[in-house]
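Presented sequentially are two complexes of subunit A, the first with subunit B as partner and the second with subunit C.
Up next is the complex of A and B:
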């Protein structure tokens, strides 16, 4: 498994080019569910992201069990009943930043970008497209994006008892400060 | 008689709703107060995963682990303990009540947390610093 993961994160990107890689293992991914009954949010601050500066290809992964909820029972239900995190331990996004070659990553500046790619949650892969920002700051790349996902798209079923407590569409926020990977 | 039954049912109803409400809103129990299922070092933990990840995953899944190791890196979310491996360490995601400022790279610490999974590092969630 270790080898497969390392291969996915690093080596697979090699096929697309030999450019400079940017990397973080402390990216933040949070989600927010808003209903009339209650608001629920949870976050993980240990998401991994690799960006290939030659091609604009980017890959994110996060451990489902790494999402922290305020309420213990909610976290238990999230893992055991909804996300089945023993069976599907990670969420993964593989995509490309559009027009990345027009951005000069050697000059400080903030850029609006579009990212397209495949998002895999709960073992289901869907195409997504999201707007975000890319800020070049003193050799680091600060990434941020917000987008919505529909729970039912990913084969996640919510029992009737709590269906009014959980929004059908979740707001997702992703951010991370990527540093140049010394190879 | 009937009145007694109604009162008993009412009291039972209130109690059950109270317990359900309390359970629903309960926050996480402090790891500091729970004994670890397994005690190990960062180096041993990393080598267990590199020897056989599937077996290690089965051993540690859902367990509370106490790990001692040398701090390799202090990140936004916690600390990474050196596993004597270029790629993999033990990432201890600290509870927000834990003070990161007193921690330094190279220092030996013991943390207790719940095994969360493995991406690059082996991740422990809701960690508390046990020592120092």
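Up next is the complex of A and C:
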């Protein structure tokens, strides 16, 4: 009887104690489009990221309307015409850091990592794989990654009139300082 | 025995809790409580004019909007006047966004050689999220100066006789992605009127709506109702219908209207065109925006 009690408690407690999580609500995501005619720059500083230190699973989420542009009209067109942010309010990434178990998250150090996962933008999900860095510093995890995405992969159409102003491939930069999540 | 029964009763509960914990594990993002943000409704109208009326939109901060507007003659002039294209009245104008809420602007109309200047301020902004506001409310004030040569130079004329003032509230809402509507209760004050029969203060109600037909094309309608017994006959309530076509940095507004004037004192109080007789002007507003001051990106 006591054994059942212990077993049950153990079973349920296992899930609580299992795997420290790290998170941020102020991750930075920026993108850059470069053409001969025009450079377009936009950034959001309120991306959310959660990392499960037990499995290396990592998830990112960012509000499309949270992207700031230098030109107000670009921001309006980005939301209204291209990203349709009323319909698709967020971009989400769900993936895994490869060979995460080889990293000791208790000692300071910088590690090169590969991340694989599903990126959902404008309601379209694509598999992506990107190189990045993971720096462990005094109990915090600093993440950073750069990668490219092709606009047309995500069902975003650019009208002929402005097709020379917007790059077909965007450079994306992601970074965040993750702190341990106390539950 | 009693204790073990309690355990057996509790067991499924604990299992459920454990399962729940496991399910949460699969969606990491749901572990984070999102900070509530206030989302202001954008793009209720394509630009800061519906057709003649000011829309509830203001010009974005740091943006200069150059407006070139034309109203041609009556289309009932027929082929002889090439449906009104022979005659045109023009307004050239500039609008500038000082802040998110405050817009300043001015222009010059060829009709009655009139200069106008205005200020528009958004008191309430439609939003959802942390702050829930169902409507946008803007206040608008303008002064117009008519600079025609005095029609009666022999008598004593005062500069103040050339002045017209407009006070307006713009109350509107974007009901859905494709439908926006606004009401504009308006007072136009005229320092000098032609006859005793006319009132110096004229009250009217502007109503306007937009239906978005596609991402870049919208259909607009306007109706301007003037309360009775204020203006001498013949006067007409304003009716306008038009399209907005947006192409990158430009918005083209093409419309049909019975008003020749493009400023409040004109299209509220000096409107004589009768739609039923074909007193309809074809016209357009072209808006070209320039970013004078770039918005700061997050550092």
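Quick note on the criterion: the second predicted complex is superposed on the first by the 166 of 183 C-alpha atoms of A that agree within 3 Å, B and C clash if a C-alpha of one lies under 4 Å from a C-alpha of the other, contacts with A are read in each partner's own complex, and residues count from 1 in each chain.
We take it that a contact is a pair of C-beta atoms (placed from the backbone, for glycine too) under 8 Å apart; a residue touches a chain by one contact, two chains touch by 3 or more.
Keep in mind that this is a model prediction, so the values were computed, not measured.
Superposition of the two structures on subunit A shows subunit C clashing with subunit B. Once the two complexes are laid over each other on the shared chain, residue contacts for A:73 go to subunit B and to subunit C alike.
When the shared chain is aligned, no partner comes close enough to touch A:163: not subunit B, not subunit C. Contacts of A:63 after superposition: both subunit B and subunit C are touched.
In the superposition on chain A, contact of A:81 is made with subunit C only, not with subunit B.
Here subunit B and subunit C are compared by how many residues of subunit A each touches, and C touches more. With both structures placed on the common chain, the touch criterion links A:110 to neither subunit B nor subunit C. Residues 1, 5, 9, 25, 28, 45-46, 48, 61, 63, 65-66, 68, 70-73, 75, 86 of subunit A touch subunit B in one complex and subunit C in the other.
On the side of subunit B, the complex with subunit A involves touching residues 23-29, 49-50, 53-54, 57, 61, 75-78, 87-88, 91, 93, 116-121, 123, 125-126. By the touch criterion given at the top, residues 1, 4-5, 8-9, 11-12, 14-16, 18-19, 21, 23, 25, 28, 30, 41-46, 48, 50-52, 57-59, 61, 63, 65-66, 68-73, 75-77, 79-81, 86, 92, 94, 159, 161-162, 165, 181, 183 of subunit A touch subunit C in their complex.
Every residue of subunit C that touches subunit A in the complex is listed here, in rising order: 3-4, 7, 10-11, 14-15, 17-18, 21-22, 25, 27-29, 31-32, 34-35, 37, 39, 42-43, 60-63, 97, 177, 215-216, 247-249, 289, 291, 294-298.
Across the complex, subunit B is touched by residues 1-2, 5-6, 9, 25-26, 28, 45-46, 48, 61-66, 68, 70-73, 75, 86, 89-90 of subunit A.
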